[in-house]
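Handing you a structure now.
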Amino acid sequence: MFAQAGTVATPEVLWWALVPLLVLAGAAVLLLTVASLVRRLPEWLPAAWTIVAGLAVLVSVVPLWNEVQDDGARSFLAGAVGIDGSTLFVTALLAVAVVATALLSRAYLTREDLPGVEIYVLLLLSAAGGVVMASANDLIVLFLGLELLSIAAYVMAALHLRRIQSQEAALKYFVLGAFASAFLLYGIALVYGSTGSTGLARIAGYLSTTILLEDGMLLAGFGLLLVGLGFKVAAVPFHAWAPDVYQGAPTPVVAWMAAGVKAAGFAALLRVFVLTFGSWSGEWQPAVWGLAILTVLGGSIVAVVQTDVKRMLAYSSIAHAGFLLVGVQAASDRGTAAVLAYLGAYTLLACGSFAVVTVVGGTGDDRHGLDAYRGLGARRPWLAGAFAVLLLGQAGVPFTAGFVAKFGVIAAAAEGRSYALAGVAMVAAAVAAFVYLRILVAMYIEDGGPEDDTDATPWGPRIVITASVALVLFLGVVPGPLVDLARDAVPVLVGG
Amino acid sequence: MIPVLASASPSFPVLPALVLTPLLGALLVILGPRRRPELLKLVAVLATMATGALTLWLLSAFDPGVDGFQFGSRHAWIEELGISWLFGIDGISLFLVALTGILFPIAILATDPGHDSRAYYAWMLVLEGGVMGVFTSLDLVIFFLCFEIVLVPMYFLIGRWGHGNRTYAATKFFLYTMAGSALMLVGIVSLAFLHADATGGPLTFDLIAIAEAQSIATETARWLFLAFALAFAVKVPIFPLHTWLPDAHTEAPTAGSVILAGVLLKLGTYGFLRFGLYLFPEATHHFAPVFLVLGVVGIVYGAVVATMQKDLKRLVAYSSVAHLGFIILGTFALNTEGIEGGLLQMVNHGISTGALFLLVGMIYERRHTHQIAELGGLQKSAPILAAVFTVVMLSSIGLPGLNGFVGEFLVLVGTFNAHRWYAVAAGGGVVLAALYLLWAYQRVFHGPAEGDNAEMPDLRLREGLVLTPLLALIVVLGIYPKPVIERMEPAVDALVEHVERHVDGFHEPTSRMGVDIVPEGGADSEEGR
Amino acid sequence: MEVTVAWYLTLGAVLFTLGAVGLLVRRNPLVMFMCVELMLNAVNLTFVSLGDDLGDLGGQVSVFFVLVVAAAEVVVGLGIIVAIMRRRAGATADDLSVLRG
Amino acid sequence: MEAAVFIVSAVIVLSGAFGVLLARNPVHAALFLVQSVFGVAVLFLLLDATFLAAVQVIVYAGAIVILFLFVIMLLGVDRAENLDVEPIAGQRPLAVLIGAGILGTTLSALLVAVGGPTGAPAANSPLGDAGDNTRRLGEALFTDHVFAVELTALLLTVAVVGAVVLVRRLAGPLQPLPVVAVASEPEDEPEDTEEAPDEEAGA
Amino acid sequence: MVIAADPLLLGPVDLEVFLIVLLKVVVSFALLMVSVMLMVWFERKLISDMQNRIGPDVAGPWGILQTLADGIKLFFKEDLIPENADRPVFKLAPYLSLVPAFLVFAIVPIGGDFRTGDGTVGWFGHRTFLQVADPPMGILLFLALSSVAVYGVMLAGWSSGSKYPLLGSVRASAQMISYEAALGLAIATVFLTGGSLSTHEIVSSQSNWNWNVATTGVVPFLIFLVAGTAELNRPPFDLVEAEQELVGGFHTEYSSIRFALFSLAEFMNVITMSAIAVTLFLGGPDGPILVERVAWLWPILWFSLKLSAFLFSFVWLRATLPRIRYDQLMDLGWKVLIPLALGWFLLVAALNVGRDRGWSPVPVVLVSVAVLWAGTAMLGGAVRKARAERRALEFGSDEALDAGNGA
C-alpha cells in the first residue's frame, strides 16, 4: 500500500525563479501570523513590512533579470510556470504598485481610523496572484493567479468597513468578477478541448503544428477568454463595474486596482493571446481591434460627463485599457513591448494620481467631486502642480511618460497597418484630454472650494506623489531606459 | 539631394542651446523667490534676451548661399525607435526662429501678469523653448513633441492670466489643437514604418532622409498628408477650423495674444511648408486647389467678419485669419514667389499683429475695455500711441513701403502666376483689410474724447522702448527686404525643385501668362524655366 | 443511442447560458451568486466531458481547481453580503444604488 | 442505458437551473441549485469521474449551498422577491438576448466541431478507469499540477482572511448611510436617509 | 459508467444477477428498519435502566413492540402544517433526512471473510460482496451524503416559519458544517493508511487485527466519534433540538408521520454512523472465524457486535453527559477538533513519508512533534489575543490587551 505512494516523481523546481512569489506570499503569511500573535502591534509595522517586501521583490528582480537576459527564458514545475523578461518586468511593476499602495494605505487607515493589518496581507497576496499571472505557463495556473489577485482585491475594496459605499463597490466588483471568471473558465475549457492541453507551450505548439479541420470550439474558446480577460481589464463593453468600484472603494485600493490589477491583467492577455495564440492571430485580432476601439472611445467619451474625480479617473483608466489593447491587437513584438512600456508608465501615473485623490479625499474619503478640487492650485500649489503633471501625463502630453507610452502603442499599431485604430485612439486621447482639462480648470482657474481640514500631506502619499511625478517627467525626457527594458522584456514561451 | 546638415556646423551646438536656454530660464524662475516678481521678470527677460542674442548670432552666421540645413546637431534619444534630437535650420526656418527670438523678450517686457508671476514667467519660457524646438527640429517625433508641448504653457497662460471667458477659450484652444494633431502622430509613425519597409533600412524619423527618399506610394502619401494637414490647418487656422482663434486671442493676456498671433500661428504654416510640401510634394500638389480655395475664403471671410466686430481685440484676431489666408495662398501657389511671399508674410504678420496686440493691450491697461464703442478720440489724449498705432495698422493693411506690402505682393504675384482668379479674389481682401482697420482706427482714435478717454495717458517710455524694435522692423523690412529674401531664396528654390522632381508633370508656375513681374526689392526671380 | 461528447457540451452550453441570463436578470445578490455557481457547474461539466473524450486527466484536474476557487469565491462573496446586509437588510442589487451607475 | 441516465440527469440539471432562475424565494433557488449540482454529479459518474462526482456534492451541496442557506437564515433575507416588476426597463429582454447570443455562438461553435474535441488525445496524463480515478487524479495533482495545488493554499488563505475581515465589527461610529435620491420622485424625502451612527459597533 | 469492484458485476449482468442485487437492497433496507425499531427500544430501555426506571414494558415482551406502537400512532395522527410554513420545503425536508441515511448503509460491508478470502461470499453460484455497492470513492460518498443530510434538518427548521425551528436550523447548519470538517480530516487519516477510498478495500486492509483504530493512532478514531456524534445531533451535541431552549428545535412544528420520519432518520443515522465507524476503524466484519462450518456467519456476528457496542456508547453518552453550550460547541469544533485532526493527519503523513524513504522514525517523530507543538502554541496565542481583543471591543477599554502583553 505505502510503496505505491513512494513512486511519484516530483517535478523540478527552480527555486531562484520563484523568489519574488515566495517573498510576497511569505511576507503575507508571516505578517498575518505575527499580527495574530502579538498584541498591540506597532502601528507602522505592517506598512513598513509590506514596503520592505515590495522593495525586496524589486531588488530580487534585478539578478533574475540578468539571469534571464543571459540564459534565456525558462519553464519549470512541469511546465506550469515560466520565467521570462515580461514576467520580471510585470513583477517589478507590481512591486512598485505594492509599495505605493502600502504607503498610501498607511496614511489612509490612520486618517479613517481603521484597523490595518489585513489590508497589507491581502495586498501582498494579491500581488502574489499578479506575479503568478505574469509567470503562468498554464491556463489553470493563470486562472488561479487571477483569482488570487481578484479575490484579494474584492475584499480590499470592501475594507472601509464604515462606508456602505465601500462594500457596495466590493459587491459589484465581486459579482461581475465572478461572472467574468466563469467566462474565462469556459474559454479555458473549450481551448483545452480543442488543443488537448491547458499548458500554454503545449497549446502553442499544437496550434502552430496542426491544421485544425474544425476550429469552431477553439474560436469560441478565444472569444470567451477574451470576454473573461476583457472584464478583468475593464474593456468596453465589459467595463460596467469599474466606475462604481473606483468610486466606492478606498482610494489606496483603487490605486492598486488601477496599477496592479491592470498590469497583471494585461500580462495575462499578452501571455494568452499574443504568445500562445500567436499563430492564430488572424482569428482574434479583429475582435481585439473592435474591443480596443470601443474601449478607447467609450472610456474617453463617457469620462467627459462625469463630475466625480474618481469616476473620471475610472473612465480614463478604461480609456488607457483601450490603448493597451491597441498594443495587444498588434500581436507583434513591438506591440508587446509597447504594452509593457505603457503599463510601466501607467503604473506610475495611476499610483501618483490616486495618491493625490487620497489626499484630497479628506477624512471620510468622500470629497471627490470636482468641487473639492476648485482652487487647489492656490490652496496647495505643490499638490496641484503634481496632479497637473500626472494628469497631463495621462493625457499623453509630450515630455511625460504618458506620451512615450502612447507613442509606443501607436507605433505598434502603425507597424501592424492598423491605421484606423491608431487614428481613433489618438482622437479618443484628444477627447480624454478634455477630462483632464476639466480637473485642471477646477484646480487652477476656478476659485473657492472647501477649506482643508488637513494641514499637510502625510509623508506616505507625499513620497508616492513626488516619486511618481519625478519618474513620469524623467521617463518623459529620457525614455530610453523604459523603452529598452520593455523591448528586452518581450515574453518568450518555453515548452514544458 | 539636399546635403544633410551641410555647412557651418559650429562646435557649439547653437540650436539645442536655443531650445535649452529658455527652459533653463524656466527652471531658474521656478526655483526663484515667489514674492519677488520683479526679480523673476529680470530672470525671464535675461533668458529670452540671451535666446534672442543667439538668434541674432544665427542670422549673422547663417550662410546665405547654402540651400541645405545648417547648424546641424544630432543626439540619440530613443535608439530603439530611431528617434534622435536632430536640429538644423535653413532659410525657411531661420527667420521664424529670429522672429521668435525677438518677440518673446518684447512680450515679456511689455506686460506684467499681475498675479502668480513665477508660474507665468516659467510658462512663457517653456513656451519659447517649445516654439524654438518646432522651428529647428528635423526629426518628426521631436517636431511633434514640441508642436504638442506648446499647447500646455499656452493653455495655462490663457486660462490663468486671461480675461473674461478664459476657461472656455483655453479649453477650446487646447482641444482643437490637440484633436487636430492627434492624427498627425499616427501619420508620423505610419510614415516612418512605411519608409523603413520601403527602403529596408532601420526605423528612422529623420525628416530629411524620409523626404528625400520619397518612398511612399502616392495614394498612401495623400492620406498621410491629410493627417499632417489637419494638424496644421487647425493650428494656422484655416477657414472652417478657425473658431478657436478669436476666443483664444480675445481672452488671452496681452503677451499671450502677442505670442499666439506672432509665433504660434506660424507653427501651422511652417508645418505646411516643412512637413507638408517637403515630405509629400505630390500630395500637396494634389490637394493644393482645396487649400487655395480655403485660403481665399479665409481672406474674405476674416476680413468681412472683422469689419463687423465691436471688440477691438477680436477685430485684430479676425484680421489674423485673413492674413493667414494670404500665407496659405502663397504656400500652395507652389512657386518661388508665392512661398517666399508666404514666408515673408509670416514674419511680417508676426511683427505687425504682435505690435497691434501690444497696442490694444496698452489701451486695455488704461481703459479696461476692448469695446470699440467705449473708446473714441484717443488721438487727442494719446497722440504718440495713435501715431504708432497708425504705422502698425498701415503695415498690417499692406501699405507699400512698409513690411506688410512686400509679403502680400509676393504672394499675390505667385498666386497670380499659378492661379490667376484666386489672386484677384485675394486682392479684394486687401481692400477689405484697409476698410476694417481704418474704420476701427477712426472709431477708436478720432471723434470726440469723452470721460476717461479724454484723460487717457499716453505711451510711457518703457512701452515706447518695447515697441521701437517692432516699428524699426516694420520700416526696414518694408524698405529693404533683400537680405531676408536673399537668405530664404536658396532654400525655397530647393524646395520647389524638390517638388518638381517628385511630382510628375509639375513645373513651377512662373509668369505663365507672360506677365513678368519683378517683385519690388526682391531678388531676381529668373530661375523659372 | 450513444452518448457522444456533443451531448455533454450542449448541456454545458445551455446550463452556462441559463446561469448567465440568471445573473443578468435576478436582482437578489444571493441568487446572482447562485447563478455564478450554475455557470461554474457548466464549465465543470464541459471540462470533464472534454477530458473524457480526449482520454486525458487534465479536464478533471481543472475541475478540481474550479471547485476550490468556487469555494473561495463564495466565502468572500457571502462575507461581503453579510457586511452589507447587516446595515441594510433585504437590499437587492437595485437598492445598492449609492454608487451612481 | 447510458442515454437514459444522461437524459434523466440532463432534465434534472436543467430544471434545477430554471428553478434557480425563476424561484422567487432565495431558499428555493438554493435548493434548485442543489438539484442541478446533483445532476451534474451524476453526469460525472457517467463520465467515470467518480472522485469529482463525490467532491462536487461535498463542496457544492455540503459547503457552498449550505453557506448560502446559512447566510439567508442568519440575515433573515428569505422574503420572496417580486419577479413581476422589471427593475430596469428592457433589462430582461436584453438579458435574454445576451443569453441567446452566448448560447447561439457557443453552441454553433461547438457543433461545428460536432466530432467533439480536436486536440491530441491522451497527450499528457492518460485517463484511467473509474476505479483508478482517485489515485491518478491525486498523482496528477501532486506532480504536474503541484504548483497549482500550492496556489490554492494561498487562495484559501485569502478567502479566510477576507471573510474574517469583512464581518468584523469596528469600534467607533459608522459613517451615515448616504442619501439616495429616488429617481422617479426627486421631490420626496428619500427613504434611506435614516441616521445610522446609532448603529454602535458590537451591538 | 462506474464499474464496481464487486465480482458479481464483472460478468454479464443477467436477470439472476439483477435479482441478487435487488435482494441485497431489500435485505439491507429491511435490516435497517428492524434495527431502528430495536434501537429505539434499546435506547429507551437502556436509559431507563441507567436512570433506575422501568421504561416501556407494556407492548410485547419487555416492551419490545413499543416502537411499532408509537409508529402506528404517529401514522394515524392528523398531519398539521403551520400556516406560515413553506409548504413544499416543509414536506420535502423529512425525506432529505431519511434518504441519505439509507444510502450510506449501502456501502457498508456487513460480512464476508476478509481474513482468508477476498471478502466475498457465495450466493446462488455467484461470488459477491456483502454490501449493496462498493463504489470506488466509497467513503467520499458517505461524506457527500452526510452533507446532504444537513439539508433535512436545516430546511425543516426554516420552512416551519416560526422562531424556534429557525434557530434550530441556523444552529444545525453551523454545527454540521463545522464538524464535518473534523470528520473529513479524521477520515483522511484512514485514507492515508488504507490507501483507498473504497469501503471494501479499507476493510481488506484492516484484516487480521490490523485495525485502523490502532494503525492511525486512536486519535482520529476519537475525533471521528466526537464529530460523528455532533453530526448526528445526538447528546451532548443536540443543540439543534434542545427542548429546554428551543422547544424541540427544528422539528417543533412537525407532527404525525413527518415527525416519525425524522425520528426514523435520526436513529437510522445513528446506526449508519456506527456502521461507518466500524468499517473505518474497527476492521468492519474482521474477526476470528471460530467455527469453520458457518464461516460466513462469523463476520456478520463480529460486525453486529461492534455495531452494538457503538450503539450502546451513543446511548450511554446521552444518558450521562449534559448538553454543552453553543460557544463551547463551536470552540471545540474549530479550536480543538479541526486543528487536532489536521495535526494528526500531518503527523501520520510525515511518518508514512519517513517510512517510504527509510528515514529513522525517531527524528521524524521528534521533528513532527516539534512542528505540531509550535503550531499549537501559535494557535493558542492567536486565540488568546483574539479573546483579549474582543473583550477590549466589548468593554471599550484597552486594558485587556495590555494585561496579557507580558505573558
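Labels A, B, C, D and E are assigned to the chains in the order they are written; within every chain, residues are numbered from 1.
Note that contacts are C-beta pairs under 8 Å (C-beta built on N, C-alpha and C of every residue); 3 or more make two chains touch, one makes a residue touch a chain.
Quick caveat: nothing in here was measured; it's all calculated off a predicted structure.
*Asks:* Give me the set of chains touching chain A intersected with the set touching chain E.
*Replies:* D
*Asks:* Hop distance check: chain B to chain E, minimum number of steps through touching chains?
*Replies:* Between chain B and chain E, the shortest chain-hopping route counts 2.
*Asks:* Give the label of the chain whose average Cα location is farthest from that of chain C.
*Replies:* B
*Asks:* With centres defined as the mean of C-alpha atoms, identify the chain lying farthest from chain A.
*Replies:* Of all the other chains, the one whose centre lies farthest from chain A is E.
*Asks:* Sort the chain pairs by how many C-beta pairs are in contact and tell me the top one.
*Replies:* Per chain pair, the contact count peaks at C-D.
*Asks:* Chain with the smallest distance from its CA centroid to the overall CA centroid?
*Replies:* Measuring from the global C-alpha mean, the nearest chain centre belongs to A.
*Asks:* Could you state the distance in Å from the CA-based centre of chain D to that of chain E?
*Replies:* The mean C-alpha positions of chain D and chain E differ by 28 Å.
*Asks:* Roughly how far is chain A from chain C, going centre to centre by Cα mean, in whole Å?
*Replies:* It comes to 25 Å between the two C-alpha centres.
*Asks:* Distance from the CA centroid of chain A to that of chain B, rounded to the nearest Å?
*Replies:* 44
*Asks:* How far is the middle of chain B from the middle of chain D, if each middle is the mean of its Cα atoms, in Å?
*Replies:* Result: the chain centres lie 66 Å from each other.
*Asks:* Spell out, as numbers or ranges, the residues of chain A touching 2 or more other chains.
*Replies:* In chain A, the residues touching two or more other chains are 4, 140, 144, 147, 151, 154-155, 158, 161, 164-165, 167, 186, 190, 192-193, 196-197.
*Asks:* Residues of chain C touching 2+ other chains?
*Replies:* In chain C, the residues touching two or more other chains are 9, 16, 19-20, 33, 50-51, 53-54, 56, 58, 61, 65, 69, 72-73, 76, 79-81, 83, 87-88, 93, 98.
*Asks:* Could you list each pair of chains that touch one another?
*Replies:* A-B, A-C, A-D, A-E, C-D, D-E
*Asks:* Inside the complex, what are the residues of chain E that reach chain A?
*Replies:* That would be residues 193-195, 205, 352, 355-357, 378, 381-382, 385-386, 388-389, 401-402, 404-405 of chain E.
*Asks:* Which residues of chain A touch chain E in their complex?
*Replies:* Contact set of chain A toward chain E: 1-6, 33, 36-40.
*Asks:* Okay, in this complex, where on chain E does chain D touch?
*Replies:* Contact set of chain E toward chain D: 1-3, 5, 86, 88-89, 92, 135-137, 140-141, 143-148, 150-151, 154-155, 158-159, 166, 169-170, 173-174, 176-177, 180, 184, 197-198, 393-394, 396.
*Asks:* Touching chain C in the complex: which residues of chain D?
*Replies:* Chain D residues touching chain C: 2-3, 6, 10, 13-14, 17-18, 20-21, 23, 26, 29-30, 33, 36-37, 40, 43-44, 46-49, 51-52, 55-56, 59-60, 63-64, 67-68, 71-72, 74-77, 79, 81, 87-88, 91-92, 94-96, 98-100, 102-103, 106-107, 110-111, 114, 116-117, 119-128, 133, 136-137, 140-141, 144-145, 148, 152, 155-156, 158-160, 162-163, 165-167, 174, 177-178, 180, 192, 196, 199.
*Asks:* Inside the complex, what are the residues of chain C that reach chain A?
*Replies:* For this pair, the touching residues of chain C are 9, 16, 19-20, 23, 29, 32-33, 36, 39-40, 42-43, 46-47, 50-51, 53-54, 56, 58-59, 61-62, 65-66, 69, 72-73, 76-77, 79-81, 83-84, 87-88, 93, 96, 98-101.
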